[in-house]
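Chain IDs A, B, C and D follow the sequence of writing; residue 1 opens each chain.
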């Protein structure tokens, strides 16, 4: 029994954190949101170079061949920086799914993903939306128990803009056919369940990072901002709100790591653990968003100050791949029925 | 439009408050809880003398002939004093029910109630318990749409002690028969619905008084108790908890008066208004109980200090005649379906 | 206790309802947007023309001399009919009560009708970069000069400042004064020389705020409200009076609660079952506020002191508004995050937009932390420290 | 990261489970009651006889030298089997860690085995009538005399003081000292001359507390723990260390959560549908605490500083415990208020009893208000004032 990330995992986290601090400051995020693609120019290539984009791509296909546990700290950092890149869907979810689908699909797309040359859009229940359809090179879409692989030419995508400017959402219409079918039946069902768990867990990891970023920014602000002759952080009401925010984060954070472990080791508790992590990470991020705004006051409410970027990203990811209510409802079935 | 009690109603309230301050101090309540009957010796007779016991008994039967609106402030005071007498069931609920049942039943029992010589126990859905069976002279019990009147000899009562030492609860077993039937059919249904609304509203009024008493006691304590060189009431965390308690009370209190008005005037919103009042008064009292204990600290947790009497009474009355969840569920049917 | 409306009140309601149902504009773009603003102005002018803009005001200033109960009725009907947020609200609800109480007859005649007619739009100038909750720490100053005052300094979070013509606010007129003393309540022309206005966008991207910079702008003596140096007392006098009610009438929240019930009916088959209770709870929040207000208004009619009621009301409406919108967003689930421009946005994205607006409630007009302090100290009598 | 248990750990679990399932007593009366107390002592003696009383202690003091992971496993199994609250807990969890760290060899040998064997029961003497959360304000004093100290003053809220043999606590040994200085950690014989103990009943009517009065009682030098005057440092040294974990093991809360799930299954047809989600939420509370503890314990095994984790844990377990019981009480609805003596009380009234106990959680061992201050100041670095 040892509940700790490895030195290597920590170093990779630090490296990514350092890179994002430089390449993905709030101003760049804000600019990305206003841009056509929602991305920071050149950043995806740098992430690919670093190995992050291809983290889950098998070494044989040019990636690092790592797993969901290796993703946890990296996605936390992506969340902390409000990284406006398709890291969750393409790298943390689509890449392992393609490996599992195998065959031509894996051979064709995995090397391109690892090289940062392909973006994959995912259409998975229970989400009605498909993210990244505007730039996707490949669509992996669910129809019942089946997974289908389609090219951009084979789908009609209608933009459904989110309040989160980097999450470009779409309603995608398409026709399943034998030709596009990549998995079906029991195998399809299992892969879809695993993929949903990966996606929910990845969103949970980002939410923990987002929550922490909002808390840290609020703490910094509360130390500096003075009212009534003292830093507002000296007021007990502010202290207690921020303590509660930390409490929420700290009791969600280990659940994410725990779920990643049981997912990687395919414990029978996998879905239960993922739902626990996603539900609590969503709650934590939503609470931190409110607390951060309240502790900032009016400045937090202004568009020029970057807090709203983190807040909106939290709202979006808290809803993505099953919101807290959806996951608690799944948990209820697993625990109570 | 005028939302205020009359001068007369206020004066009656003050008179009762003054009398209870003298006759029903915490020590007397604690002693009553430990006693056989759960009552303060002689107090019921004094309340009868004052007219409170027979408030709803028609003047022709020796009462004051007043209505539910006149009860609101009095029951608040009864709650505030944690009065350990069967005022709610016998006086505020059974008396008007007997008037409505009329006939022999009314002629026989109403004068005795007004004189403080009879206690009536009520068995009404959704409560599984019958309060006061140990001292009741008459039982009014529900069976489906029917109301039955039984003598103590005709029921078997098994004590089900509550944490509230003055609420003597019983499981009552009995056989409905034609002889005991006092109302049935549409008339029975309507009377039962009205009676339940009266009972729930009466409990709500007491809960508002209980909540206020717990808040007032906590405020007094917080002003006096010093820690870290200042009164604990000067700490913002204590202030905010107590402010929240007041907020809950103040937004429940007018709802009770409002529901009493619509009940008396038989508006079609009567049940909706009663459920709103009971749900919020229950919530307010439960929150105030927790807040009061937290602001008192260990002393509030000791049996010698009287706070626990108010807390337990709140737990009991919050559950009585439909708890908050039951009333919100009734509201949901009325509002949403 | 008499909770029925008089025949006159019922007649007033019927007239308001008929007019509003016939005239309330549908689907206006946001007030705080370039395209929405002129349409909202047009609506305000229509309201004024038919004497619905300021029903409780004297007839000479465009009102109907409606009672406070009638005013509540008007508000219920206004929001029931789906009327938009009032473009003139900072003037008619925040400034006007003070002008009525402290303005000269000349000021009242000059200011009030134009304000109500939306010919002159007012924004508030309370906050400064260093003074938010701690309003008394403000440092923008008014320098005494011949016939008036010259202003220096900066105001911020001036709601809709870029769309406004005038600003009202406090300025430090006695350079040696501290805190609440030595402040003067001034009415400032935003088009005057020495005033510059910079837009500051809100959370939702709309142009909601402005920063206003003063560089020697001149304010004539006729635009001092009340006595110089008495600004704090004047500004505070109307909070907690009957006018404290006016900005957040129960009608608005009850209308939102009823819309939430409609929304529940649309989503009841698919939403989380626990939301049923949340919707009920939201309605009881609005109902509690409505009933509390009836009691409060009765006290006002009896000339009883209303005291710190306004702090309790502020806590209740601001936190209720957040809960109402959170419940709505949970009901619509994955649609919650959609922007109003999304084809599948529910109700044109009003719930997310409303949520973002609701989140400002616990912050502005005295943060809820301050309100809780006020309640603890002024109502419960807990020690200040 | 390796979340599997070793073969040795699994074997330990199997042995503990088998023994506990065979021996845990059912339906004991409350520990804090006249009739329950001797039965609980008997159970403690049985635990000690089989080396299950203090599994992590050295063998010479009656333990098994179990690792911290094994200790967590033991706790899980203890509460899973329905084991009662530990009569020895104030000794083995609160005092023993300090005796291990600061006691002399002689003190350890004299105190620890008898404590673990329940031959000598310890109660804490932290609070005084004027010193609750503000522990450093205590005023009970120890006067230096030949060969020891004479005590004057009063302690209060001494849990199970009337059933205990000994008391540990801080006394002001330097009459000129203030706050945290000049305090000495003393071990006091409650049977000694000059000590009197008065029972104080708890909320639930059980005899849970005592007040202890000192009127010149003598404590010999051998019963000073650590250096005189160093009491504060000594008392604080073990909070926040691995021993900070011991009083509230995740096993207890997970066992309660699983019992709550059982309860839900019994009431699911009749209870409010929204309670389904509340039960799930309660389970995730317990699971989050379990997983958080695994992470914490790993840091302890790595000798990393645990720091103010204990404040976060205290907030979490104490508020979780209240929520767990509130959910249970809502599930059983009108049965919630029944006393344990009522024939129809659910599960012998354990949920109401447990609720009343849970309500003390946010108060004792540093109120949750204090814990939130600690988190804000020590972890987040916010200014003290």
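Observations on the model:
Going forward, a residue touches a chain if its C-beta (ideal position, glycine included) is under 8 Å from a C-beta of that chain, and two chains touch if they have at least 3 such contacts.
A quick note: this is a predicted structure, and the numbers were derived from the prediction, not measured.
Chain centres here are C-alpha means, and the one lying farthest from chain C is D. Of the two chain pairs examined here, A-C and A-D, it is A-D that is joined by more C-beta pairs in contact.
Chain centres here are Cα means. That of chain A falls 53 Å from that of chain B. Measuring from the averaged C-alpha position of chain A to that of chain D gives a distance of 40 Å. Along chain B, residues 235-238, 240, 325, 329 each make contact with two or more other chains. Residue positions 272, 274, 276-277, 369, 372 of chain D each touch two or more of the other chains.
Those residues of chain B that touch chain A in the shared complex are 235-237, 240. Put simply, chain A touches chain C in their complex at residues 126-129, 158-164, 167, 169, 171, 226-228, 235, 237-238, 290, 293-294, 297-298, 301-304, 308, 311-312, 315-316, 319, 323, 325-326, 329.
Of all residues in chain A, only 1-6, 69, 215, 219, 222-223, 230-231, 233-234, 236, 238-240, 242-244, 246-247, 250-252, 254-255, 257-258, 261-262, 265, 276, 279-280, 325, 328-329, 331-332, 335-336 touch chain D in the complex they form. By the touch criterion given at the top, residues 1-6, 9, 69, 261, 264-265, 268, 276-277, 279-281, 283-284, 287-289, 291-292, 294-295, 297-299, 301-302, 312, 315-316, 369, 371-373, 375-377, 379-385 of chain D touch chain A in their complex. Residues 272-274, 276-277 of chain D are the ones that touch chain C when the two sit in their complex.
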